[in-house]
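Paired with chain B in one complex and with chain C in the other, chain A is shared by the two complexes that follow.
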Partner chain A sequence: MVAYANVSDIGSPPPRKRLVARIWSARLDYLFLVPGLIIFGAFIVWPLIASIYYSTLDWSGFSRNATYVGLANFRALLQDSYFLSALWRSFVFTLMTVPLQMLLGLVFAIVLNNKLLKFSTLFRALIFLPVVAPVAVIGIVWVLLLSPFNGPINGYLLDGHLVQRAIDFLGTPNLVMWSLAGIFVWKWTGITMIYWLAALQTVPDELYEAAKLDGIRMRQVVVHIVLPIIAPFAAVIALISAIWALNVFPLIQATTEGGPFFSSEVMEVFIFRNAFAPPSGQFPRLGYASAAGVLFGVAIMFLTILQALAVRRARARRGENGND
Partner chain B sequence: MHKISYGGLSRRSFLQSTAALGVVALAGPALAQSADFGPAPKGLPPANGPVRWLDTGDQKGIFIKKYLTEFGKARDVKVVYDGLPWKQLNTVVPLGISNNSAPDTFNLPQTLEPAVAISEGWLQPFDDYIPDFENWKKAFPDGAFVEGINVFGGKTYGFTFSTNRRFENAVLFDQKMMNEAGYDKIGADQALTFSEMRDAAKKITKNSKGKAFGFIIGGSQVQRWGDVATMLAQRGGAPVGFRGLIEGLNLKTGEFAFDDDAYVAGVELLLGMRDDGSVFPGSLTIIAPQARSFITQGAAGMIIQGPWNIPIWEKKVPNWNFGVSPGPAPDKAAMENPVWVGQLPSSTNMMWLNAKAKNPAYVGDFDHWFGSMAGQIAYAEIGSCGDPAIFPEASKKADLSKRAHAMLAMAEKYVRISPNPFVRNPELGKVAAVYIAPTPTLSQTVQGLFAGQLKGVKETLKKLSDAQNKALDAAIAKAKSQGAKVSRNDFVFADWNPKTDFGPADYAKL
Partner chain C sequence: MTDATHFRAPRREGFFTPRRRRFLTSVVLAVICAIWVYPMVWMIAASFKPNSELFRNPGLIPIHPTFGNYVRAWTEAHIQRYFFNTLFVAVGSVIITTTSAALMGYVLGRRPMPGKWLLMGLMVFTVFIPQGYTIIPVFELLSRLGLGQSLWGLMLATCGQSIVVFTLLFAGYFTQVPNELDEASRMDGVGPVKTFLFVMLPLAKPIIVTVVVLQSLQAWNDFLLPLVITLANPALRTLSVGIYSFKGENFVDWGGMTSASTIAIVPIILLFLFLQRYFIDGLAGAVKG
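On to the complex of A and B.
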């Protein structure tokens, strides 16, 4: 916090108001924060705390009598091969989608950032359109597009003699995650492009003009001027994209529901199956599902910290640390 | 709590009026469209807000919405009807209970045993709210009210209006394609054998020249695989339970029997059709409603599905000629084998009364009409063969299509009520509460075999049997440690005659 000092006070630490007094003096600011804090508390903090608590229970969600089981759910999860596979699949899916999404988003952003390009606004809108379309609709449409029976994609492949028989993109275990990754990248590249476009706004126009006067080619401008300037944004964009990729539940639920035979079951689908869609004859396992959620959260947090450390280290190497 | 009765109207005159109403209902759809709920019962209190009803919609939703609205007008109360898919209902009801906003009457979430809901204080019995309760109850067919199913401790908690006696996994087929494949004699009186079904599927695929496939299944909806496999096993003579904890459990031995030859043959039929190229491509990624839609468009020749499709197809695609037949049997000798359901009243449609209902007397009043012959006939006109009325007479009297009547007759002929361990010992609800099904389940296993991720039908199904036997033993041990009086013997009905219904008299002999 900045303290305003009189000239006579220079050289001695500024007098600090007591905390209560400071809060009181900024009471209007705090008042405006209250609605946001209530919503944040109710929908973020409380569910987080409740999940941690539920993860220590043997509880179906129906009964009032939940049994405290300590870490038993966590121990059981670490021996559950379906949990480990789902966790692994979630991160593999992230690796399959994020780099491609970032690369495509960057290419689109650089091309569409060119003010001389005609209809760039229209192209931006078209690329962004899938982002605003509801996931459930996207899922159904893609199931139809990829259908091996009468889907147009298979139609083109067959008509062009590119394949001998129709491909079951979403029903073939070895292919399903790639198909879902393709749909995911198609849906979310638009938002990554917007992030990159925002980053590109930080490149001063003078640099482009100077490069133009010096007769530098566009490719060189991009490689030697633009990319180094916008590179720090990559970490943030990668992080946001990774979080999106880890939250892929609606798309998978609308297309494969985790099938066939778990081959597209990512972590959120695993959690949903245990919490709300147990097999016939079994009660839901809310405690178990909550424990899975907690472990998933911890894994994401761990990766985020690793990423933050990597970014900090990279900046330090470049001598940027402290000069931001 | 005082009992509700109809004031100013003797039981005889009331029955006469409801019988007359039945005749009126039969006279024609135009007349049958409005109901006479009779005079308000004596002692009916003023309504406390709207009467709220929540169920899973579908065909019955059309009926409830219409007649509950009429009932509201007759009694001058506001009514609110909500029909939600199971997935939503499964979460809405528990949330409503916990925050005191649950409707007056509702379906229970799918996986929740009624005994647990009662012990948790969610429900209250209907006994004091349905006028002339004992006589009203007597009019229902035998087996409609069963201790452990909808009666607990002698009190009636579950209101039942439809029967489970329906052929849930019949073969529905495109008549033209079937005729062209050379199976024009197949119908409600004659099922296919496994080899005939495979052959028919092959020929339908071949005849269509790539435009259609012999068989389709909504295989993204995992439960479909288990349902179909169990039906095929039952038709093969395996005396196994259908759905829930007892799915695939041999009720004569009390052991899971997924590796029974009948199960293996059923699964091999599905894999055989797949290997022949007779299964609709993409069956693993479509859900049942999509599969049902594809067959009406001529994309497939056969589907194993329920009778609920018949009224819908007859209405939506009236020019499509389709046939119905019982599920296939392994060979000619097995043609008369029945299929079993665990109880007569449909538990999925059963309505339960909220322990904190604001208008329980109005719910009882409406259910009183609904559970009369007049209400049942009105219901049968809409429930048809898909969700048949629990009064068989009502279905017979209702104005239904030929196919619907054939389907109902098929159910009467082939569907039998199996013994139900939960009726024998309601304490088994405590086993269900702690049972953890091993992964994969039957449905997931069959899907895995079909998708090619699992190999070896017999070995895989043996593994499944072993895993489920172990899981059941573990659940019994846990329930026992919590004080439940249960044993594995509760699942054994060695003297059961699978050809006949297992009724109250059989339970009494145990």
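On to the complex of A and C.
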């Protein structure tokens, strides 16, 4: 059992050694990293770099005859109204969904956080259910539900005489983004609710007890005690939800494919169309699509840094005046 | 926090005693939840209705219940093949990601390895990169490796999407494990590999289950990647892609579509219901971090 002889040659080295010696003594650790690094390198780091290289090519993908065109793709993109509106639409979609999702998630979380409430676990599971359903599949179910031809939702609306004619929720250019935003919020509110519930766990139970003993109404407890405590989490939750909302490809491709008339074409649908599903008779434009991807990535990174700064400021403020 | 209301306790609330109020909340919630899950209930109900009935009977109870839709979807629409493709990719990617993320997270979370902060920084930097940015090089890389049209390629690329988050989850967990445990096993002459396998891994069981569950969800949900990889090879489609193309080919076969969707959704819902805690803890971890 006890083998003292082995003690010296394993475990962490003393802190101050030369770098080479430290690397050598960590050789086994590097071995542990190998499988993870292969995946990380091949499918994340390499695509990150390669995209930038591809974005300078005029390249149809079929033949290997890619030609270097410098920044021509970027110049063309900035004049491509489809690209500009797709980029714009991606961010507008985020602005449409995130606030609603956060508010709805917060309301559910506050109500369901009450441990005395009957069936609260069941309700929580039901609200969360859409989150686990595959996006593309549930998108197709929604296409049927919202169909203007015998779709059940239009059926109810017509039967209740709420509308005169069936509404083509996903086929009307002015309406389609709102319908998609609605489906999206329904799909992901469960996750936001879980984030808020996690934040609510940081509110000590004694606070509720004390408030109860003082005879303070629940609404006042929420507004004056609970919300200030969990407010700093809002920035993090908004960040995660926003990034989530930018990955809207499966929902939109499965439901509208960017239509009607490109009115729901978000960034990733634009990239997919140019790279993999060009209109018949045209070649794929992999270089062009890569350039779009790079610009999109840069835009998101910019947004992320902006929000991360907001998170840090919120945290700092929480540190300054703890009990507000 | 003591204001005027302090003096009103014990207050009279008339009809709305706390108990009744909670009951009322429950009722309202029940109604909301019923509407919330209606799309899925409708999907399941429709999957048992023959197409002729589907358009005439908007109710949830089929008048002439039938398994015909399932039979048609399972065999004629190849949902059977898509189901096993998805299962293969999901199980394979779960094994690969969990193993490599646990190893990497262990080293990054516990070991004093030179260069680890550099690697951590690089990983955090890549967390928010959208899939649209990486899809073209990923597909090109798989094609060059000869995996561009194979389930193995899809499996490997699926691992890439989540490995960073899972590694950070493991690293965060292993950082909290008390140092005495390594000391003790070193004293006992247990080597680092055995320490990892028999001391650290068993401790990380909750994280392992979380990662397994979240990766299954990810693989089952994935769409862009399998769509691109199977464009030229329909036999490799996963459920999401298969049902998407089913919609393109047989748009009027609602019974087939809803039963195929039910086949795709029910397994992951069952997984969720049995392992709810891990889904929720895993997701909640993101906020605390």
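Basically, the second predicted complex is superposed on the first by the 275 of 324 C-alpha atoms of A that agree within 3 Å, B and C clash if a C-alpha of one lies under 4 Å from a C-alpha of the other, contacts with A are read in each partner's own complex, and residues count from 1 in each chain.
Criterion: contacts are C-beta pairs under 8 Å (C-beta built on N, C-alpha and C of every residue); 3 or more make two chains touch, one makes a residue touch a chain.
It should be emphasised that the depicted structure is a prediction, and the values quoted were computed from it without experimental measurement.
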Combined model on chain A: chain C and chain B, fit or clash: clash
Touched partner set for A:Ala133, first chain B, second chain C, both or neither: second
Partner chain(s) touched by A:Phe276 [first = chain B, second = chain C, both, neither]: both
Contacts of A:Met301 with chain B and chain C, given as first, second, both or neither: second
First (chain B), second (chain C), both or neither touched by A:Ile44: second
Which of chain B and chain C A:Ala231 touches, first, second, both or neither: neither
Touching partner for A:Val143 - first (chain B), second (chain C), both, neither: both
Winner by number of chain A residues touched, once chain B and chain C are compared: C
Contacts of A:Ala316 with chain B and chain C, given as first, second, both or neither: neither
Residues of chain A at both interfaces, chain B in one complex, chain C in the other: 143, 150, 276-277
Residues of chain C defined as touching chain A within the complex: 1-2, 5-6, 8-11, 22-23, 25-26, 29-30, 33, 36-37, 39-40, 42-43, 46, 54-55, 58, 96-97, 99-101, 103-104, 106-107, 111-115, 119, 122-123, 126, 128-138, 140-141, 156-157, 159-161, 163-164, 167, 182, 186-189, 191-193, 196, 217, 220-221, 223-224, 227-228, 231, 239-241, 243-244, 247, 254, 257-258, 261, 264-265, 268-269, 271-273, 276, 279-280, 283-288
Chain A residues within the chain C interface of the complex: 1-7, 10-13, 15, 19, 22-23, 26, 28-30, 32-33, 35-40, 42-48, 50-51, 54, 111-112, 114, 116-119, 123, 125-130, 132-138, 140-145, 150, 152, 155-156, 186, 191, 194-195, 197-199, 210-211, 213-217, 220, 224-225, 233, 236-237, 240, 243, 246-247, 249-250, 253-254, 267-268, 271-272, 275-277, 286, 289-290, 293-294, 296-297, 300-301, 304
Residues of chain B touching chain A in the complex: 87, 90-91, 94, 109, 111-112, 116-117, 120-121, 213, 219-223, 226, 243-247, 280-286, 294, 299, 432-433, 435-437, 439-441, 443-444, 447-448, 450-454
Touching residues on chain A, where the partner in the complex is chain B: 60-64, 80, 82, 143, 147-151, 166, 168, 170-171, 173, 255-257, 259-263, 276-285
